[in-house]
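Multiple structures follow.
The following pair of complexes shares a single chain, chain A, combined with chain B in the former and chain C in the latter.
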Partner chain A sequence: MQDLKLKANENRGLHQLESGKDLYGWDEVTQGSVLPSFEGDASKIAHLKAEERDYSNYNSYTATVASWRVKKPVFNIDVCIDCQNCWVWCPDSSILSRDKQMLGIDYDHCKGCEVCVEVCPTNPKSLLMFGENEDLETALSQWPEKKKKEK
Partner chain B sequence: MAVKYDLNEREVWDGNFAASQALRQAQVDVVVAYPITPSTPIVENYGSYVANGYIDGEFVMVESEHAAMSGCIGASAAGGRVSTATSSQGFALMAEVLYQASGMRLPIVLNVVNRALASPLNVRGDHADMYLGRDSGWIQMGAFNAQEAYDLALCAFKIAENHDVRLPVMVHQDGFITSHTAQNVYPMTDEAAINFVGEIDPVDDMLDFSRPVTYGAQTEEDWHFEHKAKQHKALMDSRPIIDEVYEEFAKLTGRKYNRVESYNMEDAEVVIVGLGTTVETARVAAEQLREEEGIKAGVVAIRCFRPFPFEDVRDALEGAKAVAVTDRSSPGGAMGAFFNEVSAALYTTESRPLVTNFIYGLGGRDFSIDEAKRIFKEQKAHADAGHITTDIQQFSGLRGPHLGYFQTKRG
Partner chain C sequence: MAITSIKNLKEFSTNNDRFEGAHTLCPGCAHSMIVRELMNCTDDNLVISANTGCLEVSTAVYPFTSWDTSWIHIGFENAATSVTAAQVMHSVRKKKGTLKDNDAPVKFVAFGGDGSTFDIGFQWLSGAMERGHDFTYICLDNENYANTGGQRSSATPIGATTSTAQAGTHSYGKKEKKKDIVAIMAAHGAPYVAQLAPNKWKSMAKGFQKALETEGPCFINTVSPCCTEWKFDPKDTIGITDLATDSLMFPIYEIIDGHELNILYRPKNLLKVEDYLGAQGRYKHLFKPENKHVIEKIQSDIDKNWEMLQRREEARI
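On to the complex of A and B.
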């Protein structure tokens, strides 16, 4: 299994999006349902990486939607050319990349849409969809060979 | 720095011009607008004040009223002082966004120049648009003339932006009768006006980069109810703050407003309860009937339609014998909404006066002094008989056969 908490700080994906939990009364909800994204002063955090930021419990960073997913993308570092195409196209900012080096996937927020697989230009692809419970080793052992050009 | 605008102690302004001068003096930062008769001059004048340097503000012309209120929400969430104006169909198109503004607790001031809703198409004043806003979570105040349109617009900013309120406010005036009738208006000086309204002190403003916030969150059955309850409480709790602002305004100008206005009510037995310009007509009728026929007639007017002054309206009417509640909006298969609200308040009194409902003045149909007198006299007949002698709901000032519904089971 790939590292599920890759580049995550403590509260990433802490909350399940389920109703009926942590409920409190009308007198404690925020005015106008306005929700602050960070704890404390956020004026100097623009240059910080996600794992270095102090996200509040209202931020989607602290929620996980992993349960929505039935298939997951698996990343094969040996084939990847770090083109960043998947990072550009991912609709949920779930491709984790540092210094233009592809690292893997944020499995707390990935919904399994398969866009990263679709846009991956390598041969064979560096991202492929596997069953949610498939472990990394088994997935990598099933990786296809490079396709030969047909004459 | 804005160019100085010369003002006389007494100006001759119509309601639209008066409202636009209040926007100038309150130094509104952003007006996002789409024009519609009869409210157009309010935003048009603001645009000209910006263009001619009388105000440092932003006039944003958009493609519809839906976009106008959406733009106001953006500017208000950013932390600005924001206002616009609309009427009728424009108000209807805005309706969806009105609920967003109040739910987000944004202190936008909307000048509504009341006009009938189509179909059939009509540009003149009735209260159909005002009624459409009554569940939208906005504070709604009614001006009966140009002076009040000016005064209440200034008060509206101070009420809306108060940190214990933080709710949008509508200031209503009647289309054409108020908006286009030039009258004497006594403005404050620019300095006195801005000192009264004060600078906006933003809350949760999106331009505060030290504290980024989300506006427009989604809440399902586990949270939505709590948020709406908190919003309702804010609206109910705004009542004493509205009173304070009216009090402070009176100290500066000598013009005292009340959430419920009472005229000749000390000993009144028969009463017309009304909204808008109808109030001034009814007051004249009451005075004349007192002189001519000795009928103890009085008028109760609702200045603050939302939050509805349940207690004050009850206190004002408790001593009356017969009360006519006048609805200037097509009731759509029910008793008039205003009648229902006043009746609900009176039902909880010991005296429970006789209450009837008049549907009148739709599409700008004139409401005359004679008509008001006839309504007073009918109330006198009810009071003398001890029960309602007519239909409970009647259309008044309508051509054709009598149209009315329901009879009393009392007496």
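On to the complex of A and C.
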């Protein structure tokens, strides 16, 4: 397995996503606010990968919604054919894909919706749902065999 | 314009996401699939404006923002107005040469839900289309006011139960037909109008690129299944969209310059509308014997609409 830590920015998932930590009265609320997504110049952001970007603390990339999840998807690199179906349909930008290869799942932003498992075309599926507390090695050891075509 | 390659999914996946995770949209929501696809189909800088709706409240939970581009939110109805104002300011400053980078390409996009597009922001959208600014308006059509608890909007189709048009002993849900927003926008004479669906990612990306390339106001209606209010399992989002496009509940087509209609997807196995209705909890009551006539009406409306689209495609008028 490839080292996934290399493909993530060090700022990923630092904060719990909670709003209203400091509550204000209706007459104390400011009329508008500007939240910069990045520190410094952000005009060339479309050409930078996540690990090369300088995220500010206002960017939700630095937050995590991992606590929403009851089940988590587990990725098996041995079965994957890199079709990128999961990447295009993931609603939470949680599929880590670099150089046309699927590398793994961003567990800080995944909400466990199971869309990636549904759209996976391989036999057996290369993404399957397991309990949140299951560790990856046990999950991979329980992977089902290839199903024969039913006639 | 720097268009990114959409030859196949592998090429497409080399793009760098500019819509970040940890927004608070429901798991399995199609809104973020559509937004990600739009932001991945171009390398240009984007100025995005969003109407109030699920997308706005979930992607800007103070003090966080999920947008890596310029993003504006003001009122429920003002996405079209604010983005056109930004576009005019940009073009004036470009002429004067007072921009930081005068040659950097910038595209202007507005997002609205169906409530703010079909009902509340309709006048503002119509005005912006008439004034002919260079922008793209994308409607994320989930057929109700999902953000506030699933009230009926004028995009809700006949027969669906919503919190303000409930099915029960005296009613079968909403009794009025859905507004044909694509035809209305085409009647404004917009250079590019389309209806697209996220399950056909390629036609969707092509449509987005065409709309961004085209100078002038473009309108795109996208189907965005809502697992909370349509009442289906979050994992089936793409499956439900497949059923919607294959039963022709949402035909995928484009209209160029208000008259040239092209059908972008013809289902190989045409499904009956029962398959689409039966997969969702909001249509459950239609399968009672006394409501059978509603399903027949929906099916006959779909058949008529498909016939009309095919004839318009042939006639080119």
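Here, the second predicted complex is superposed on the first by the 131 of 151 C-alpha atoms of A that agree within 3 Å, B and C clash if a C-alpha of one lies under 4 Å from a C-alpha of the other, contacts with A are read in each partner's own complex, and residues count from 1 in each chain.
Here is the rule we go by: a contact is a pair of C-beta atoms (placed from the backbone, for glycine too) under 8 Å apart; a residue touches a chain by one contact, two chains touch by 3 or more.
Computed from a predicted model, the values in this text were never measured in an experiment.
Asks: Given the touch rule stated above, what does A:25 touch, chain B (first), chain C (second), both, or neither?
Replies: In the superposed model, A:25 contacts chain B only, not chain C.
Asks: Counting only touches as set out at the top, which of chain B and chain C does A:35 meet: first, second, both, neither?
Replies: So A:35 meets both chain B and chain C here.
Asks: Identify the partner contact of A:67: answer first if only chain B is touched, second if only chain C is, both if each is, neither if none is.
Replies: neither
Asks: According to the contact criterion defined above, which of chain B and chain C contacts more residues of chain A?
Replies: C
Asks: Of the partners chain B and chain C, which touch A:142 in the superposed model: first, second, both, neither?
Replies: Neither partner.
Asks: Of all the chain A residues, which ones make contact with chain B and with chain C?
Replies: The overlap between the chain B and chain C interfaces on chain A comprises residues 19, 33, 35, 37-38, 42-43, 58.
Asks: Quick check on the complex: what are the chain A residues that touch chain B?
Replies: 19-20, 23-27, 29, 31-38, 41-43, 58
Asks: Residues of chain A touching chain C in their complex?
Replies: The contact residues of chain A facing chain C are 13, 17, 19, 33, 35, 37-38, 42-43, 45-50, 53, 57-61, 63-65, 68, 82-85, 87-94, 97, 99-100, 106, 108-115, 117-119.
Asks: Where on chain C is chain A touching in the complex?
Replies: 9-14, 16-25, 27-33, 36-37, 42-45, 59-69, 100-101, 104, 198, 201, 234-239
Asks: Where on chain B does chain A make contact in their complex?
Replies: 103-106, 166, 203-204, 209-217, 219-223, 225-227, 229-231, 233-234
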